[in-house]
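A short worksheet on the structure shown next.
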Amino acid sequence: MSSFFGKVFRISTFGESHGGGVGVVIDGCPPMLPICAEDIQVELDRRRPGQSRITTPRKESDTCEIISGVFEGRTLGTPIAILVRNEDARSQDYDEMAQKFRPSHADATYQAKYGIRNWRGGGRSSARETIGRVAAGAIAKKILKLLANVEIVAYVKQIKDIIAEVDQSKVTLEEVESNIVRCPDPISASKMIELIDKIRLEKDSLGGIIECLARSVPLGLGEPVFDKLEADLAKALMSLPASKGFEIGSGFTGTLLKGSEHNDSFYLDGDRLRTNTNRSGGIQGGISNGEDIIMRVAFKPTATIGQEQKTVTSDKEETTLAAKGRHDPCVLPRAVPMVESMVALVLCDHLLRQRAQCGLDLPKFP
Amino acid sequence: MSSFFGKVFRISTFGESHGGGVGVVIDGCPPMLPICAEDIQVELDRRRPGQSRITTPRKESDTCEIISGVFEGRTLGTPIAILVRNEDARSQDYDEMAQKFRPSHADATYQAKYGIRNWRGGGRSSARETIGRVAAGAIAKKILKLLANVEIVAYVKQIKDIIAEVDQSKVTLEEVESNIVRCPDPISASKMIELIDKIRLEKDSLGGIIECLARSVPLGLGEPVFDKLEADLAKALMSLPASKGFEIGSGFTGTLLKGSEHNDSFYLDGDRLRTNTNRSGGIQGGISNGEDIIMRVAFKPTATIGQEQKTVTSDKEETTLAAKGRHDPCVLPRAVPMVESMVALVLCDHLLRQRAQCGLDLPKFP
Amino acid sequence: MSSFFGKVFRISTFGESHGGGVGVVIDGCPPMLPICAEDIQVELDRRRPGQSRITTPRKESDTCEIISGVFEGRTLGTPIAILVRNEDARSQDYDEMAQKFRPSHADATYQAKYGIRNWRGGGRSSARETIGRVAAGAIAKKILKLLANVEIVAYVKQIKDIIAEVDQSKVTLEEVESNIVRCPDPISASKMIELIDKIRLEKDSLGGIIECLARSVPLGLGEPVFDKLEADLAKALMSLPASKGFEIGSGFTGTLLKGSEHNDSFYLDGDRLRTNTNRSGGIQGGISNGEDIIMRVAFKPTATIGQEQKTVTSDKEETTLAAKGRHDPCVLPRAVPMVESMVALVLCDHLLRQRAQCGLDLPKFP
Amino acid sequence: MSSFFGKVFRISTFGESHGGGVGVVIDGCPPMLPICAEDIQVELDRRRPGQSRITTPRKESDTCEIISGVFEGRTLGTPIAILVRNEDARSQDYDEMAQKFRPSHADATYQAKYGIRNWRGGGRSSARETIGRVAAGAIAKKILKLLANVEIVAYVKQIKDIIAEVDQSKVTLEEVESNIVRCPDPISASKMIELIDKIRLEKDSLGGIIECLARSVPLGLGEPVFDKLEADLAKALMSLPASKGFEIGSGFTGTLLKGSEHNDSFYLDGDRLRTNTNRSGGIQGGISNGEDIIMRVAFKPTATIGQEQKTVTSDKEETTLAAKGRHDPCVLPRAVPMVESMVALVLCDHLLRQRAQCGLDLPKFP
């Protein structure tokens, strides 16, 4: 029941890091959307391992194949299946993990839950699973762009205690992509890269915070009660590997303000109702209010590290483990497109849900 | 599509703050559970308005009626419908709100989404909707207690900048309930109450943080990928009115640590695999590891305040509003049972899901 | 998991025949629909017990109350809860059934499944549960009528071996409602009523077939593969108490034809693609083709009869049972509005689903 | 939303008849099930085209690849993705269909719904889509066999007016597989084959009825109200291409009996509650009663025939069409494993659902 996401625009991912491959089935995609493998590949390349010296050196081209649902460059309205084959499976790196549980990783809990696990490369718990999400996210982004001009930009806001200065109203995808750590503040970016380089040599790892903006989101997306837009975004982002926290708008810091300080008072911008501030983060009562949606996700330092750690074997003996394998010293640069994708999946689903219930007018595909 | 929650143990809430009433339908509840209206009323009384001087003076007894699904003190396995009638509807307090949108409230977004809203008391966006959740949560708690001895304790951890000192390993429900602010640290509790009293006189409001523990959660709950236990908990808690942030285990603070500092190394406690620390917050890879589940939720200061604020009318004129009505100067004391209930609903659903897929052995009801 | 129906226009029914009441929660209803309790009551009165001498003499007014989701005569877009209280509970009629399983009824299987059952009046398996469906169906019908001019007409086509002659292209609701058996062929209707009168005196019961038409269904409703329109209709109708068979268009009889005889060849009616015949029953490839949707449902003779039958007690002793209680000698006259309601629920859900995925243009509510 | 089926044991199929391939993702499969590609291939070979002279001569090996979810011969509990590549794409056979709508086929309705269709071989409406169902069904069958000893046997009961005589209590898979038409009555089988041979030469097609038995189904599967076991079976079987009717137990014929004749009276078989007759078809009140589940599905004659038929082009001109391509003159022999698969998927889902809610005891996998 757990590999499905979304209600109207619904995806199902499959695959382990070692095995035949990974992928996604997208159900409920509007027909006639112009789409091709290249649209998807661009996003996959942003999350690909081996893209820079600060990511895992594991080399995989992650080339996607559209198996179904697209015909002569247009979506058919039927399920879109996308497959990426696994390559470069240096499974011997993982032999030790057949026996030893990696601390703060999913090895022990998968074993406890299922009585079995694919211990090669973490199996289903590998970040490789997110390929399916990013592929589906590429399609969701295109729908949002073409139907509602929605733009989604995520970036690294913080690595350990290095905090970037970012002007939320101006930051662009180009600025984000201008460096390998995906931080649009060049000075902070340099410091972050330097720190990651250092920590990699120490066989250690780092965490941090990704901030994500969604601009031009139509008024009225999100639903009262359980499927509040921020609730669905929280679930989407807390389902990413290594995420430990989520906040919207003023978030945890907003708890320090009084209501009179925190409230976003209204004004009229021509005919349009707007707020003077945006501590709500673009969502009020679970529903988008037309201001930028602003959220942050905390990612812990990568669990798999080369340093020796205390652990226990599946035969219940205490031992130590120094992970071999090839791992990211910091997941955040590659997590940026994952965050964008999950946000796109949520918004696209709610866009179609709003059209279902309330009859939102949307243009036709070009 | 938005008033349903859960997959196997599934609830659907209904109702506005003014109108016939509010309630819940619970589907998929195991049969033969001993339950009566009193079990539910106890929890409803914890979230009832008018329970103390620091909550809204709105007086409602919130008496629940079990309409169906229970027979001679046992659940039938069929849907349990629970209804609470609305009383004390001083709708005239809301007349002004028929025209004026309350800042940072759901008035404007409901109007934009639906083209209509029940402006009396906030309608569906009122915290009154959570009655259904708390009623269902009471049943979920009882199932968890009887089948798996799970205990859920939430408490106010912080109001504005007053931070309570709480020993997570020892705190009890009795300590939480020992004062009206539901903070188990008596010294902080006094300060919090004092501050709320003060802010109420200023016609202003406060926010803060609730911490929640779930103890004795069986190993193996939660599923990989989208329905990770922390993802479902995040959605559950971010669906509560006024919540702005969620974190699990080390949360946002954990981003400041290196992997070697953050990882929870394993040891053997007799035959049981345990972790030396619990920065994971009881969940690894989306699946419970048997340690205490620890999470925190940020609540913004109440949006409805008595001070005059700038706003706009539904006829698109700029104006000001000083809310009349009767509102909580701080939602946190009453939100404590809401948090517990949402956590119980998630855990109960995953308990039954684990039984479905993996055959978890559970005892019979007494 | 089993009391929910529909994906976008979704309902959840609750309640047993004896207890607080029965009802329904409707989620995903478009906002601004003009609706009032009378719209619903009209349909409930058609399925009410005691409406004529050929139905059960059990007297219940089945008065509905709209608890939520409607404000000043319009739907809010939030969940609509509708409650009908139980009355006239002659539970003593059922005392014997606390011990004895009624043959071909749900008593034994509920007991086996749940280990408990509400033996008064059949509990959840009572036809009384369909009140919630008919109430929700009244709303679905109104949406279909106002947005797409869809008309749904069901009638008794056959009682035992009495087969009515009905012109599918002309039959009206008024003709159906012109007699107590709800058969629009007056000659057959008289025979049917006579036969039901006779069988009731024999303490026996009758079955038959209900035919249902849906006219003016927009092109393109229904989805490929699992949610084919006929598949969802089949599930909807086979979920009604006592139904034993479903067919669409040519149905079972169509198996006797060759492809060249069975196929519906196309022609142009002005600009509109139409079929010369309608053996498809208005659905091709799971999707509506604009012709009338035509289906039939078989209902078995009522299981509860006054004649003595062999059975077994819950204590595992063989015995006999002659049901007391007050039961319909033939469920079909009261099942007509149930059939219409289930068809309306399916079509309304698919109408909104088509709008979600493909952007179906629909008018605004008046 | 339409390519998903099941709630706990849930599948999602994808793929068109011409394109990259077809397949299925299975979510919620219990872990540790011994399974290999051969288990699946056996069933795929039963539905493969070109298996005998009475099926389509289209030659495809339909070799399946398990992409994920299985490790060292056991299921992991994670999604199982199965892919079958398309071969032998004589797309030129379909060139004419790019313009002309085949009567009683899905061409026109897909075009109307989506504004686009993959006209090669019917695209998603091709029976080739059922490969994913049969692959998933093979796994469901194995689970049912190992956990509950359930046996599912389907066979051709009728082709046009040739009705087989079959002893439901004794018929075996071996008898079904003993001839190419999959009818266990050898005399009728010969007549059926002869008739199909004849009709193929006439470029025409035939329909008929498949009967399906499920034996040893545990007591208590199925849920009240909407997910009655017969309702879910009806949906499952009415979602198969070309199906026009469904009945359970006495079905349409049962409407001719009186209640006193139709009811299945109870008796005790040792300690076990059984019924003297089985007109209920193994299900009472929507829940299995331990007797054999017996159902029938009507399949219309194949829509695609070589004879010339009147039709209309997508440019709205009246014309005629004599289909080229290679098609089954009668779908029933190949539909037998499809029927079994859909029944297995429903029963497997309900088996796990019963374990979720009521705690059904099931053995461990060997």
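Here the chain labels run A, B, C and D in written order, and each chain numbers its own residues starting at 1.
By our rule, a residue touches a chain if its C-beta (ideal position, glycine included) is under 8 Å from a C-beta of that chain, and two chains touch if they have at least 3 such contacts.
As the structure is a prediction and not an experimental result, all values here were calculated from the model.
K.L.:
Which chains sit in contact with both members of the pair chain A and chain B?
P.N.:
Joint contacts, listed by label: C, D.
K.L.:
Hey, which pair has more contacts between C-betas, A-D or A-C?
P.N.:
Per the contact counts, A-D leads.
K.L.:
As a quick test, compute the distance in whole Å between the mean CA positions of chain A and chain C.
P.N.:
Distance between chain centres: 45 Å.
K.L.:
If you average the CA atoms of chain A and of chain D, how far apart do the two points sit, in angstrom?
P.N.:
Inter-chain centre distance comes to 38 Å.
K.L.:
By the touch rule stated above, which residues of chain A touch at least two different other chains?
P.N.:
Counting only residues that touch two or more other chains, chain A contributes 1-4, 7-8, 13, 28, 31, 77-78, 113-115, 124, 224, 353, 357-358.
K.L.:
Inside the complex, what are the residues of chain A that reach chain B?
P.N.:
It comes out as residues 1-5, 7, 13, 101, 103-110, 112-115, 124-125, 129, 158, 160-161, 199, 204-209, 219-220, 222-228, 230-239, 243-252, 254-268, 271, 273, 275-276, 279-281, 283-290, 298-303, 305, 307, 309-312, 316-318, 353-354, 357-358.
K.L.:
For the complex, which residues does chain D have touching chain A?
P.N.:
1-4, 7-8, 10, 12-16, 19-23, 25, 27-28, 31-32, 65-69, 71, 74-81, 83, 113-118, 123-124
K.L.:
Can you tell me which positions in chain A touch chain C when the two form their complex?
P.N.:
Residues in contact with chain C: 7-8, 28-31, 77-78, 224, 352-353, 355-359, 362, 364.
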